[in-house]
Amino acid sequence: MTKPLQSIIHIDSYPKLRDPLLISGLPGIGFVGNIAVVHIIKQMNAEKFGEVYSPHFQDVAYSSVDNGLRRPTIELHSCRLPSDARDLVILYGNTQPLSSYGQYEVSQKILSQVSELGCRSIISLAGLKQEYVKEQPQVFCVGSGFDAMDAVCARGVIPLQGEVYGMAGVLVGLAKLEGMQAVCLLAETLGLYPDASAAKALLEKINLAYGLHFDFSGLAETAKEVSANQ
Amino acid sequence: MTKPLQSIIHIDSYPKLRDPLLISGLPGIGFVGNIAVVHIIKQMNAEKFGEVYSPHFQDVAYSSVDNGLRRPTIELHSCRLPSDARDLVILYGNTQPLSSYGQYEVSQKILSQVSELGCRSIISLAGLKQEYVKEQPQVFCVGSGFDAMDAVCARGVIPLQGEVYGMAGVLVGLAKLEGMQAVCLLAETLGLYPDASAAKALLEKINLAYGLHFDFSGLAETAKEVSANQ
Amino acid sequence: MTKPLQSIIHIDSYPKLRDPLLISGLPGIGFVGNIAVVHIIKQMNAEKFGEVYSPHFQDVAYSSVDNGLRRPTIELHSCRLPSDARDLVILYGNTQPLSSYGQYEVSQKILSQVSELGCRSIISLAGLKQEYVKEQPQVFCVGSGFDAMDAVCARGVIPLQGEVYGMAGVLVGLAKLEGMQAVCLLAETLGLYPDASAAKALLEKINLAYGLHFDFSGLAETAKEVSANQ
Amino acid sequence: MTKPLQSIIHIDSYPKLRDPLLISGLPGIGFVGNIAVVHIIKQMNAEKFGEVYSPHFQDVAYSSVDNGLRRPTIELHSCRLPSDARDLVILYGNTQPLSSYGQYEVSQKILSQVSELGCRSIISLAGLKQEYVKEQPQVFCVGSGFDAMDAVCARGVIPLQGEVYGMAGVLVGLAKLEGMQAVCLLAETLGLYPDASAAKALLEKINLAYGLHFDFSGLAETAKEVSANQ
C-alpha cells in the first residue's frame, strides 16, 4: 500500500520469441503508426500477452462501440512470422502518456521488458505532418543504429533532419541505453484524418527493408476502426 | 521522514462487512453523485470508518458553516442494509485530486482498500452534462462487468457511447485489475446547480437494480448542504 | 544516489523547547505574515536551527543586497519567551512551494519535525485581500482546535467563512493529523505593498490571546527589508 | 522494474582528477554558457566520461546534421590543464530539465557526483539579457563562496543584484549544501542569436581569475555548431 505509484507492465504469459523485432505504433499525427500496427495485429493474428498500466495516462474511461468498457492502455502483442526465423512484438496503444515524464517512464519500462524478452531491434512508426503530400507518401527515418538505418535507407527512406516528439522519439532515443538498434519511420501525411495511405507507405518500406510480406487489404477499414476506438 | 509522499487511507476501525457494494459519489457535474451519496449516508446513518489523505488535493483549508475547519478530503463510510444480506461502503468527498496522476493514485488506493474489505462490486455515480434534460432525467451507464451492466440495463438505464472523466471513470476502468465488477451510472443534468432531481434519478435506478429501498425525502436540502460544503 | 528527491529539513542542532508554540509567516498577500515573523525573529533574537530544502521551490538563485547569495528557503528559528513558561518556534520563508503537491509535502515535513520537538499548537499568519480596509485592520481566523479558536475569538478575532490557500491553510488543515491545535490568523489588507499595519494587527491579537508582549517599533523598516529579500 | 524513475548519471569510467574545477554551460539566453564550454571541450580535447539521463527532459529525439540520432542530454567531460596543478570537469548539455523540480533533481545529482570526484569549486556560465550591450560585453557574478567571488570581482566582474533562473542558478544555490564554493558568471547579451562575443567575455574573465589560458580562435564557428545542435 505504500510503494510509489508508477507505470507497470502486466504480463499475462511470457512468450518464447526468436530474435524478436519490436514494431511500435501509438496514436499520433494522422494515426499513421496506429493504423499500421493494428493492421499487422489483425493480419498476423497476433496475440496480446501484456498491457501497460500507467497513472500517467488520462483519467478517463471510454465506452466502446460494443458497449464494453475500455481504459487508456498500451498493449504488447506477439506473433510468429511464417517464412522467417524471427518473431514480432507489436506495441499498440489507444493513448500516449500525458506528460513528458510519463513518456520517459512508460518507454523505459517497455524497453526493459522487451529487452528481457530478447529484443535487440526496434522500429517505431509515426506520421510526419506536411502541408502537401505526394500521391505515394514519402517515408523518412531517424535512427540510432547504423545497420538499421542502412537497411531502410537502401529502400528509399530519407534520413530526416528534425525532431520526433512523443514515444516514437523517446523509444528510439533510449534504445541505445539498452544496447538496441532502433529506427523511427515517419510517413508524410496531411494529418487531418486517420491516414491509411500513409500507413501503407510505412508497411511497404518495412516489407522491403526486413523481407516481410504484409499485404494491404482492409487498411481503409482498419483506419476507421482505429479512429472510432480513440 | 524520507518515504515518498503519496495518498494514504487512514482507517479508524476496520468494519466487518458482508459482501459489500461500493457506491462512490464525488463532486462533479451538477454535484449529482455527491448529493446521492450524502443522502444515502444520512438516511442509513452510515458511519465514517476511514479517510483519504492526499498531497494531490488542492492546497487549501475551508472554514465551514459552523466555523469548524475542513480540508479537502475523501471519506469511507459503511452501513448495514436492513432487509438485505449485503452491506454498503459509501465513498464521499468534498474534492477530487487535482491532476490525472492523482486521480489514478487515489483510485488505486481506494480499490486496494475496499478489495481487502471483501468488496467485489462497484457503482460510481456522476452527472452527464446535456443542453436539454427530460423532466424525468435519463440515466446512462458505462461498465466493465457484464452482470452488473445487465442488471441496470434491464431497468431502463441506457448504455453510453462516450467518455467519463475523473474518478467516476478511473474507478470503473481500474476495477477489472482488482477483479471487480463495476458500473458507472450517469444522470443527465444541465449542470448549472446542485441537481437533486438528477440525484433522485440515480437512486431510483439503484433501488430497482439492486433491490434497495432508499426514499427521497430531504433530497433538496441535501443538495443545498452539499453545495455549501464545497 | 537513487533515493527519490523530496523536501528535507536540515537541522543544525536540536533545540530543547518547553511546550513550544509554532508561529508561521510565509510570503503571501501583502507579505503580512512574513513581516510579522521577521519582526518576532529580530525582536526576540531568535536563533535559526534548521532549514527546509525542497525541489518544489522555484529553480532560481537570488543575489541579496549585500552581494551574498540566497536560494529559495524556509527556515526554522526558536527563542525563549522571557516572562513565560513556553518557547516559540518561528517559521520564516522567502518562498512557498510552487505546486499544490509541494505545499503538502513541505507542510507535512514541517509538522512532523515540530511535533517531534514537542509542539502541540500552531498559529499560521496570513493576509486577507480586501477592496477596502479599516484604519485598524480587522483580524479573521480559521481553526481546527476549539480551545485555540476560543482564545483568539475572545479577543475580537472574527471567524472566517471562506478558504485559505497555500501553506497557511495546509499547515492548519493537516495539524489535526498530528494531534495539534491550529489556528490561522488573517489580517485584512489591500495587498498592494508589504503591509506593516496589517502585520501589527496580527501581533496585537497574538499578544492578547497568548499573553505575549511583542512591541511594534521598527515594523515599517522590517516591511521594507522583507520586500527587498524576496 | 519497480524503483521510482528519476535522473541518473551514467559514468563510463571514473577519471582521477586533481582538485577539479567544474565549469557548467547549459543552453540558455544567447547560448552564451553553452558556446563557452563547447569551446573549452574542443580546445582542450576534453574527454566525455559520463552522461545524465533524466525523465525530466523533453520527450523528443533529434536527428543531427550527420544523420545520427541524439536525445536530450547533459554530459560530463574532463581534461587536464597543461600548465596547472588542477583539472577541469566540464558540464555540457543540449537541454535543461523541463520543470523546476527537474532542475533541482538533476543539479543535485550532478553536485553529488562531482563532489565524489573531489570537486570543491564551481563556475556556472550564463547570459544576462539586456536591451543594449557594450562592444566589450560586461560580465556579472552571483556567488556563494567569498574567495571565489573575490577572485572574479578583482578582475572587473560586477556583483549582480538580481535573480538567476535555471540550472546556472540552482547549481550555485545548492553548492553550499555540498560544502562547495560556487560562482555564476553572466555575460550581457542581446540574446537574439548564439552570442560568441559574450562567450569570449566569459572566457577572458575565467582566464584572468583562474590563471588559465584559453584562446578564442574558432569561437564564431562553435557558436554556429551549438545553435545547429539544439
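Which chain is which? They are A, B, C and D, in the order written, and residues in each are numbered from 1.
The criterion applied here is as follows: a residue touches a chain if its C-beta (ideal position, glycine included) is under 8 Å from a C-beta of that chain, and two chains touch if they have at least 3 such contacts.
Fair warning: this is a prediction, and the values are worked out from it, not measured in the lab.
Shared contacts of chain A and chain D, meaning chains that touch the two of them, come down to nothing at all. When each chain is reduced to the average of its Cα atoms, D sits farthest from chain B. Between chain C and chain D, two chains of identical sequence, the interface residue sets overlap only in part, with shared numbers making up under half of the total.
For the copy pair chain B and chain C, the superposing rotation over Cα atoms measures out at 90 degrees to the nearest 5. Separating the CA-averaged centres of chain A and chain B is a span of 37 Å. Taking the mean of the C-alpha atoms as each chain's centre, chain A and chain C sit 52 Å apart. In chain D, the residues touching two or more other chains are 4. Taken as a contact graph, with one node per protein chain and an edge wherever two chains touch, the assembly forms a single closed ring in which every chain touches exactly two others.
Here, these are the chain pairs in contact: A-B, A-D, B-C, C-D.
Of all residues in chain C, only 3-4, 6, 8-9, 100-101, 103-105, 108-109, 112-113, 142-144, 149, 159-167, 169-170, 172-174, 176-177, 182, 184 touch chain B in the complex they form. By the touch criterion given at the top, residues 1-2, 4-5, 10, 53-63, 65, 67-72, 98 of chain B touch chain C in their complex.
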